[in-house]
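Reading through the structure tokens given below for one structure.
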Amino acid sequence: MPPWKHKLHEIIYEADTPAGKIFDIAILIVIIISVALVMMESVTPLLVKYAWEFYIAEWIITAIFTIEYILRIVVINKPKRYIFSFYGIVDLLSTLPSYIGFIFGGANLLFAIRALRLLRIFRILKVTRYIGESRKLMLALRNSKAKILVFLFAVLIICIIAGTLMYLVEGQESGFENIPLSIYWCIVTLTTVGFGDIAPITPLGRFIASVIMITGYGIIAVPTGIVSAEFSKSAEKSLNNTQVCPNCNESKHLDDAEFCHNCGYKLNA
Amino acid sequence: MPPWKHKLHEIIYEADTPAGKIFDIAILIVIIISVALVMMESVTPLLVKYAWEFYIAEWIITAIFTIEYILRIVVINKPKRYIFSFYGIVDLLSTLPSYIGFIFGGANLLFAIRALRLLRIFRILKVTRYIGESRKLMLALRNSKAKILVFLFAVLIICIIAGTLMYLVEGQESGFENIPLSIYWCIVTLTTVGFGDIAPITPLGRFIASVIMITGYGIIAVPTGIVSAEFSKSAEKSLNNTQVCPNCNESKHLDDAEFCHNCGYKLNA
Amino acid sequence: MPPWKHKLHEIIYEADTPAGKIFDIAILIVIIISVALVMMESVTPLLVKYAWEFYIAEWIITAIFTIEYILRIVVINKPKRYIFSFYGIVDLLSTLPSYIGFIFGGANLLFAIRALRLLRIFRILKVTRYIGESRKLMLALRNSKAKILVFLFAVLIICIIAGTLMYLVEGQESGFENIPLSIYWCIVTLTTVGFGDIAPITPLGRFIASVIMITGYGIIAVPTGIVSAEFSKSAEKSLNNTQVCPNCNESKHLDDAEFCHNCGYKLNA
Amino acid sequence: MPPWKHKLHEIIYEADTPAGKIFDIAILIVIIISVALVMMESVTPLLVKYAWEFYIAEWIITAIFTIEYILRIVVINKPKRYIFSFYGIVDLLSTLPSYIGFIFGGANLLFAIRALRLLRIFRILKVTRYIGESRKLMLALRNSKAKILVFLFAVLIICIIAGTLMYLVEGQESGFENIPLSIYWCIVTLTTVGFGDIAPITPLGRFIASVIMITGYGIIAVPTGIVSAEFSKSAEKSLNNTQVCPNCNESKHLDDAEFCHNCGYKLNA
């Protein structure tokens, strides 16, 4: 790997050097502007008034992301691994929609894909001091995954049975038009959201609704209890290292690591 | 018990052998398809369009469940125990509605009973690794049962008194037509669901509503605190054995059990 | 105190003897019937149809409560203490409304007072095994009272300031007609109830609403955390003694107490 | 500092002497009356009927606050430090709006500023025994700040992506007019507020909404778990001293402090 590639790798993939930090912050700002533009474009009066400005801005951002994407491929030793990694695909999807939209005159659906640019923010946030905290959060959530899945499954079963019941009791004239819709209503009610677009009107339906609501109000204690217990247990040590192996793109190295624990490549030589 | 019965018992009631696992997964899929069909049948446009297909599918599923039900009775030593057990009744109710509907031309109410097929899912899920987690959840909930009942009772008393008050303050012109309806509204409000189909319009009524809401927002801490405390205490050992005694249908055997701890019958001989 | 008075005192005020238990359960049933009647009377169609039956039932219940009230005064050594105690006043208010309604032809407002009969239920529930649990709950809540008050005060301040802000931002045409109403809306929103009868329609108003909602969603953790911490600490011993001093009406005696710790009167001699 | 100044400083800035306590309570009452007046003025019928009374009351309150503000400047050694402190600015903003409104005939916007008078309440509440509790609350919140920020950031990202998705799925005819509005709706839904002014009507939209609701219902466990864990850890010692240095306005002195730990000035000499 020639020194310039190594240098660029350090800037693009890591955040331990001042240049690396500046690069990350610059990309962060471009991402935020880009997502803000996607949002504003969806507001019809704004789109009508500033159609040209949006068009220009979109192409500038696409150009920046395209250059960054090419650089990321060039400076890494195993480009395939990057290209087919999660962030590689997200990076590609950050640029493609604009080109496709240009060629096929495509439209609305490309919005969604461009909003995915937001996901790129997570890679950059790896550098912040909050990453240690978020790892603790993720760890606590992952450890309670089995319990939470069991809980969500139970919630779903309750909603299916209660939804069928409400469909039978309230019927179509109250807005409970079919079982899937009744189940949707049960989820709205059990989770204490309560839109009110559909609401029971028969006494029996209201009684069942009350039972569902009190159940939902009571069992919210379950996920809370699970996660609380996990947090008490969760280890306190934080992992803040931002090193990334220039060879295999592996992160999560120990602070005093000199070689990549994944491929043996020398780190920061 | 002849060997073929023993073999079938192992397949139908247990999940330690490959055949037993395949049987369970197959039944699981049929249950899910069956419940999905019940849901889709309730959507009028779908029912009108695919009436014939629904009719055929319903009979195929009923046939499968009927065969399974008969097999379950045949291969067990004490059929009465199975027939009058919780799952035995659920299994029967999974097949009966179709026959009754055929004979009496019955209709809507049979939906509810067919949705109960979903309960059958729990027996099959006994085989998964999640069962240990769900037992822990159930244990924590059971241990806090007395506390949770006291809490729900207090919630009910608050709702009855506040509901009567709101009925007096708001009256019929605001939609608080009678005390039971006002109590229903209080439950909707205290549990923070808030449909909005009924809402106070007088200043005093809104003040009382605020007190109810803040109460509901504050006391949700109580069940959460109860369950959190339980989870911290709850034992960590998991019970994942799926063995079922072919003689007495007892489950919950130790991993290295060779004889049923209930009737002494040889397990998995 | 003559023996018959002592005997009656034991039946009426305590629940350690079979007769005392039967008395309590009988009164409990009368209370529940009475409250159910109050509720049903508020449903206009029912009231129109069964006006006469309601009238009769009301007088029977009033008679029972009046007799009970007189007996409670007769069998106790210090009637004044009972009469001016919390339950003494509740007992009086359980009978008075019917008499006043009879004399003055009064109406709606007396409903509320009759619903207070429900409070009598708490004295009777003292006998159940759930009372130990509810004391633990009350203790945990009482210990966290100061913290919960500070929290509720903070919630109120947030609602007043955010409510004023919403009034200025949204104004009268969005339904935020005045500051008290805006504060009411903030409470509805912060507590995640969300009726939807009033909702912001300007972009800025919706932004502020989002901040309020996320705040409410986040700070619900505070009371929960407080109570959870209390529950972990709360003592495990239960106090289930139902003895009541026949002289001074003091409860909460130790299981092996022979004399009232309040007045020195011999208990259960 | 002459003795009268010292005496006044003790009354105005501290609450350890009876005169200081009376002064604080008096100001507290004026603040509450003042905020109540601001609220009532916003109710049009009241404003029309009592315009003159409101006008008089407003000027009396402004006069009291002006005198208090001048006194606070006079009795302190370093007035600049007070004037540019948080409470100094709040105190100024408590009086200015009335004068500006008088000169420029200003109106609505000055309401908001006058409502800020409420903030003055916090300085006075420093004297109560609840301050120790609220410091514990603040400490627990501050310690979990990083975790809570990560959580809120994750919530925001979920809302942005889910909002964009809902905009694409539901479209403008369902009320999801643009992406910012869809994100607002997602926040309303995820936090389980659920106004119901906008609600999905397509099956796919309702399915996504269900996922958002269950997510919101589940992840509320995260902040709760964080704060619960903090509360268990949080130190138990309370800091209730209300001494304020007459020289440098520093608070938070130890109970037995004789000199200001900040400037060495003799306290309460």
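All chains are identified by letter, namely A, B, C and D, in their written order; residue positions are counted from 1 within each chain.
We adopt the following convention: a residue touches a chain if its C-beta (ideal position, glycine included) is under 8 Å from a C-beta of that chain, and two chains touch if they have at least 3 such contacts.
Each chain and its UniProt protein: A, B, C, D = Ion transporter.
These figures come from a predicted structure and were not determined experimentally.
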Any chain that touches chain D and chain B: A, C
Most widely separated chain from chain B, with each centre as the mean of CA atoms: D
Angle, in degrees to the nearest 5, of the Cα rotation that carries chain C onto chain D: 90
Classification of the chain B:chain C interface as same or different, half of numbers criterion: different
Chain pair among B-D, C-D or A-C whose interface repeats that of A-B, sharing over half of the contact pairs by residue number: C-D
Averaged-CA centre spacing for the pair chain D and chain A, given as whole angstrom: 33
Centre distance in Å when chain A and chain C are each reduced to the mean of their C-alpha atoms: 46
Sequence positions of chain A contacting 2 or more other chains: 151, 180, 192-196, 216, 220, 224-226, 228, 232
Partner chain A, residues of chain B touching it in the complex: 35, 38-40, 42-44, 108-109, 111-112, 115-116, 118-119, 121, 129-130, 133-134, 136-137, 140-141, 148, 151-152, 155, 180-181, 184, 187-188, 190-197, 216, 220, 223-232
In the complex with chain D, residue positions of chain B that touch it: 192-196, 224, 228
Residues of chain C defined as touching chain D within the complex: 146-147, 149-151, 153-154, 157, 160-161, 164-165, 167-168, 177-180, 183, 189, 192-196, 199, 203, 206-207, 209-210, 213-214, 216-218, 220-222, 224-226, 228-229, 232
